[in-house]
Amino acid sequence: MAVKIHCIADVCLLPIGTQTPSVSDYVTAAEKLIRESGLKSTLHSAGTTIEGEWSEVMDLIGRMHEKVHEMGVLRIQSDIRVGTRTDKSQTAKDKVDTVERKLKGL
Amino acid sequence: MAVKIHCIADVCLLPIGTQTPSVSDYVTAAEKLIRESGLKSTLHSAGTTIEGEWSEVMDLIGRMHEKVHEMGVLRIQSDIRVGTRTDKSQTAKDKVDTVERKLKGL
Amino acid sequence: MAVKIHCIADVCLLPIGTQTPSVSDYVTAAEKLIRESGLKSTLHSAGTTIEGEWSEVMDLIGRMHEKVHEMGVLRIQSDIRVGTRTDKSQTAKDKVDTVERKLKGL
Amino acid sequence: MAVKIHCIADVCLLPIGTQTPSVSDYVTAAEKLIRESGLKSTLHSAGTTIEGEWSEVMDLIGRMHEKVHEMGVLRIQSDIRVGTRTDKSQTAKDKVDTVERKLKGL
């Protein structure tokens, strides 16, 4: 039943109703879950990119929601950009390297 | 292991590398899977909103990717906006009704 | 300097740090700006779809941020899905109608 | 009329109907426009983060669409995550540094 296709998912998690505009404690707790998951990931300023099997990645993001709710946040909204491709295997790093290399050639 | 928290997920699926800019055959096939899933959903012009348990919804979106790949598309990118809340139960329709009612009161 | 290409933009605006998880007062104020703008729009449960010239639409979304900041919100995050196409003119409603018609033919 | 509030916008641009699933030539051309703009930016595997005044950033993204259309792409879809805050000035790099520092303290 689990979906096993490989994916690259970029997630931006936003806690809603948090008294103050600073949300880094919650983002840090979610990021800690990602790093403990064993999945390859890259933190950037607009989210974190996670690579792995579809169901593994999506369950991890679900557990991030559960964790941040346990910290007392009543509402959470995430934006997920997720890509799959069947023509070749490509990592998140490959994608950046390709564009940087082409920029040098322009 | 499956994440059971209720969520409202809005998904916009984009097939990449499809020869022509018209992608409605693929969107229709994905939408058909949603309607057969038994989950509550609402189609709109920028995506489809799906309501249900986290893992059920995310596995459904994964199967939508698998289905569109089977149709010959080599690369697919989806954007998912997903919300969870623990303070109250609210449907997608409730959210629209609240804003429409408040607009009348302004 | 303004970008005049026609676009269809779907925006989901989220106020951050609002004490309570209910954000419908802010969403309603933003929605009111959209309806006063004269641009064609469709409210749904995961956002609002706005149609018009690129700079007009993006400036409107910027004014929505300004308005919600004026109401006392210190931080706002929006997710915008925006599409442009040069092969044909298509409205948001056309897109839904096409998928619904194809679903009937399946 | 232009919206001058400072924003951090993360954009993922997707050309639709491009014959092949490889879109890096188009992404590279768009990235080149960003680097020539003089705005601060950071390329990552799921998009590029751009910092500046709202209308400057959004007009730049519109010109990226125009540029990729000029290269022959008939349809383009972008996903933009954009944040504004009035309580303090914060760069994209500040956001990552805060989370990395807090992770070390956990």
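Think of it as A, B, C and D in the order they're written, each chain with its own count starting at 1.
As a convention for this text, contacts are C-beta pairs under 8 Å (C-beta built on N, C-alpha and C of every residue); 3 or more make two chains touch, one makes a residue touch a chain.
Just so we're on the same page, UniProt names per chain: A, B, C, D = DEKNAAC104886.
No experiment lies behind these values; they were computed from the predicted model shown.
Peer 1: Comparing the two chain pairs, does B-D have more C-beta contacts than A-B, or is it the other way round?
Peer 2: Comparing A-B with B-D, the pair joined by more C-beta contacts is A-B.
Peer 1: Taking each chain's centre as the mean position of its Cα atoms, how many Å separate subunit B from subunit D?
Peer 2: So the centre of subunit B lies 24 Å away from the centre of subunit D.
Peer 1: Cα centroid separation between subunit B and subunit C, in whole Å?
Peer 2: That pair's centroid distance is 17 Å.
Peer 1: Using mean C-alpha positions as chain centres, tell me how far subunit A is from subunit B in Å, no decimals.
Peer 2: Spacing between the chain centres: roughly 18 Å.
Peer 1: List, in ascending order, every residue of subunit A touching at least 2 other chains.
Peer 2: Residues 12, 21, 74-75, 77, 79, 81, 85, 87 of subunit A touch two or more partner chains.
Peer 1: Select the category (line, ring, star, complete, other) that matches the graph of chains linked by touching.
Peer 2: Topology of touching chains reads as complete, every chain touching all others.
Peer 1: Considering only the defined contacts, which subunit B positions touch subunit C in the complex?
Peer 2: Those in contact with subunit C are residues 8, 10, 12, 21, 24-25, 27-28, 31-32, 35, 42-47, 49, 79, 81, 85, 87, 92-93, 95-96, 98-100, 102-103, 106.
Peer 1: Spell out the part of subunit C that touches subunit D in their complex, as residue ranges.
Peer 2: Listed in rising order, the residues of subunit C that touch subunit D are 1-3, 5, 7, 54-55, 58-59, 61-63, 65-66, 69, 74-87.
Peer 1: Please give the residue numbers of subunit C that touch subunit A in the complex, ascending.
Peer 2: The contact residues of subunit C facing subunit A are 14-23, 74-75, 77, 79.
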